[in-house]
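What follows is a group of structures, each given as structure tokens.
Common to both upcoming complexes is subunit A, partnered first by subunit B, then by subunit C.
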Partner chain A sequence: MPAFTFNYITPPPNDELVDEQSQINANLDQIENRLNFLQGIGTWANVDRPKGLEALINDGNQRTAVWNGTAWRTPTGIAGGWTAWQNITLIAPYVASAAGFTPMWRSNSVIRRVQLKGRIANGATGVSMAKNNWTNFSSGASGIPLTFTPANTVALWTTSCSPITASSPAGSEINGARLRVNADATSVRLDFNWMGQDSGTTGNYISLDGMDWWY
Partner chain B sequence: MVYIQTPNYKFNEPIPPDTMADPVNQINNTWQKIDAAANPTIITAVAGVFALPTTGYKVGDRVYVEDPGINSVNSTFVCLTDDPIWGNWWLPVQDQSTPWRDIPAAAFPAGYGHMAGDPWQMMINNRGQLYCRGSFRINSGSLPNDTNVSLFGLPRGLDCPTSGSWIGSIDPTNFNASGGTYDQFRAARIYVNTLQNVGSFLSFRVHGATASPATVRVWVNQLRWPIGTGDFTTG
Partner chain C sequence: LGTYTTVQKLYKPASDDLVDVNTDIKYNWERLDQRVKLLLEWLPTEETNLTGNVPMENGFRYLKRSTASKWASWLNPVTQQQQFYQDNVAFVPTWTVITPAAGWSVYESQTKLMAQVTGGAAGAENIVTYRGKLIRNPNTELPIKTDTLIASGVPTGYRPQVDREVQIMGGDTASGNVATAMLRFTSTGEIHLFKYGTAQTGNSFEWYVSFTGVMFPRGD
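== the complex of A and B ==
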């Protein structure tokens, strides 16, 4: 399908009722209407493009770009910004709750975000989680570097914790944990605060999944 | 039979007082129309800090922001709201996210506000996701237990597309000092009620033990939603 439906002036015999001027103007209108979104692409020299100009460019895909004065800027992707998952250095007696749930962290330099995953348990099963105060489970020289301290200094979430076996803890108590991240002397400090009854005789874990902050 | 051949038409510049047309003006008008197209609005960092405009724009307006500083910002931003209380909030196009910005203090209901040092802030990324961080507080006394408290309605454009709820962490004032007793789970439910074609309204409710230490603030780190107007029609 052609981009335009131009009127073409044809050789004689001409019809005196054909108004070439209107036809040409109609052509110009078409050009004006349809090239609006392409302005700046065609033959404009770089120097002629105003900063902030937006246009569709074709860099393999059609994408919206903005002219930043020297180049077309396309939307930034975040996929390449993530580091590999790295183990969180746990303070004894806290350990991974089970194989496959090692507490880990990663960061993204594009969006300046840190994510956690994994589960922590209080050493060997059968030991209750500390309940009555903030408990530090990761900090120190081998912890997450201070560079990744939350931008607003502290972040706090409430997360899920579950009995490792379905029967613990028994009863109607609801358990949960708060997680806190802030800065320590040498690294990011991670604390938890167990809420609810003691975690029971067969052990409970605290999930770090979905915990994140911006540094 | 003799045919009379007509000549090709050609354009002749009209000569005054021919009022048929004035091609010179017509052509110049065309050029002037093209010239009159406005250049983009450019927002430049001041003293190394850039801030998106908070007022003066309408929904759908676009500005170009550049900041050669630490953030290396250069991106188009599209205006999402022009709410009288919230002002202008923006969607980034090329950059990954907006700067964090405090929600307006005037949005809080009487008796509530930002926690100093950790204000409730929002950020919007270029995938249309809105994130929260920080906390809000009751200005005096302790947060009411098991009571629903209306916070505010979101400005249109930042709406949460469906109703839902999150857990907000609560923060007793003297927990660290006293050790407190936290024999029961305690947290705040933060609820968003989205009404079709009306808007989204946030409220919270503290759940858990009533004998816990005095609780002043609720953290909102876990709040995030895909923004949308919530306007839709069936059929």
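== the complex of A and C ==
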């Protein structure tokens, strides 16, 4: 379908019986109407919109949209793809380090990403983390569903670990930890490996902030 | 005399017009040439600030090279001012420079401390990403086992709603060694550095804090 339905002046061009002026002006009016639509002040019948036309749609939010033949298609936002935050079910004795820092996860189906946040402590009394071995803190039927298994099945990441409250000055020392994301029979299995070896013992925790993976 | 179309101002000769080829017919093609490109294509421009520096009219579109972002003009119905906007979903987030605290500076001019937020308006679901590299002034080793303030006054949109802590690496004792370090981003707009390890021995190329790969969700 041509973009325009212009009048072609019927020959001979200087035939006094041909109304050239009105045909030319009708063409100019058609151009005017089409361009006005692109300026957000005119209308086109749906059948006149070529598939793939990109236009600026002022629906109150000023969107860039493409006509797919039957509807305007606007970009899919990444931000809107996130689920609500859900608690990570922790295996005893691990608990949230403090109110407001509950370990949680969420996923985004647009970018197929899982993201974690929160802080894990070893029991409500703040017992030191066990160092130098892998410790499972979430798995089993109540864990993150297998749907969210990392795209490469097994993943290993580094995560941060807390200031150690027993240090001097308090909270000024940190140590590293690693996070392993794996799949068990029923859910995504999360383990950490606390690399600590300093004198701090109580009150330390592992931060999950910034931890994420592709599923 | 003929008439002009309302918006595009194309000249429509009257039936008894003596048409001047130069002023009446060529004028129309030149007028269209100026406007159609801007209405159909994103016109690349080197202008950083578009307002006042490029033609503004409903539907005129520009690709801003400096930020690789697309902008279009529209008449704000409330203010009746012609403005530029981006699609708030498809837009390219711009980087905002974060000023280091006293005693800290950028490692080199290309490594300013900067932050960006996905998703447009500062929603709780957005992800904040940082980049850049800081050193102490004068060029000295990073403090170890100390809670050190390295920036404050971070703009609201780039702060978490509750404190976030992410791990990075920092220079350590011997050449090529690194030790664990942590950045704490507070809800009040401060950035703190905690670095593990022992005193360094003069490898100045390790005396910096890199924000590469640092990201966290904004919301609580």
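For this structure, a couple of remarks:
Criterion: the second predicted complex is superposed on the first by the 127 of 215 C-alpha atoms of A that agree within 3 Å, B and C clash if a C-alpha of one lies under 4 Å from a C-alpha of the other, contacts with A are read in each partner's own complex, and residues count from 1 in each chain.
In this section, a contact is a pair of C-beta atoms (placed from the backbone, for glycine too) under 8 Å apart; a residue touches a chain by one contact, two chains touch by 3 or more.
If you're wondering where the values come from, they're calculated on a predicted model, not measured in any experiment.
When the shared chain is aligned, subunit C comes close enough to touch A:209, but subunit B does not. Using the contact criterion defined above for the overlaid structures, shared-chain residue A:62 touches subunit C, although it does not reach subunit B. Of the two partner chains placed around the shared chain by superposition, subunit B and subunit C are both touched by A:74. In the superposition on chain A, contact is made by A:195 with both subunit B and subunit C. Contacts of A:139 after superposition on the shared chain: neither subunit B nor subunit C is touched. Of the two partner chains placed by superposition, only subunit B is touched by A:110; subunit C is not. In the superposition on chain A, A:82 makes contact with subunit C only, not with subunit B. Of the two partner chains placed by superposition, subunit B and subunit C are both touched by A:21.
In the superposition on chain A, A:156 makes contact with subunit B only, not with subunit C.
Taken together, the two structures place residues 21, 28, 32, 39, 64, 74-76, 78, 158, 173-176, 195 of subunit A in contact with subunit B in one case and with subunit C in the other. Listing the residues of subunit A that touch subunit B in their complex gives 9, 11-14, 20-21, 28, 32, 39, 50-54, 64-66, 68-69, 73-76, 78, 110-111, 131-134, 150-158, 173-176, 178, 193-197, 213-214. On the subunit B side of its complex with subunit A, the touching residues are 5-9, 11, 21, 30, 33-34, 37, 39-42, 62-64, 66, 74-76, 93-97, 100, 117-119, 121, 123, 125-126, 131, 133-135, 167-169, 171, 175-176, 179-187, 208, 219, 221-222. Remark: subunit C residues 5-8, 10-15, 17, 28, 32, 35-36, 39-40, 57-59, 61, 70, 72, 74, 85-90, 118-120, 123, 125-127, 145-147, 162, 164-167, 180-182, 194-196, 214-217, 219-220 touch subunit A in the complex. Residue ranges of subunit A in contact with subunit C, taken from their complex: 19, 21-22, 24-25, 28-29, 31-32, 35-36, 38-41, 56, 58, 61-64, 74-80, 82, 85, 100-101, 106, 115, 117, 119, 158-163, 167, 169, 171-177, 195, 198, 207, 209-210.
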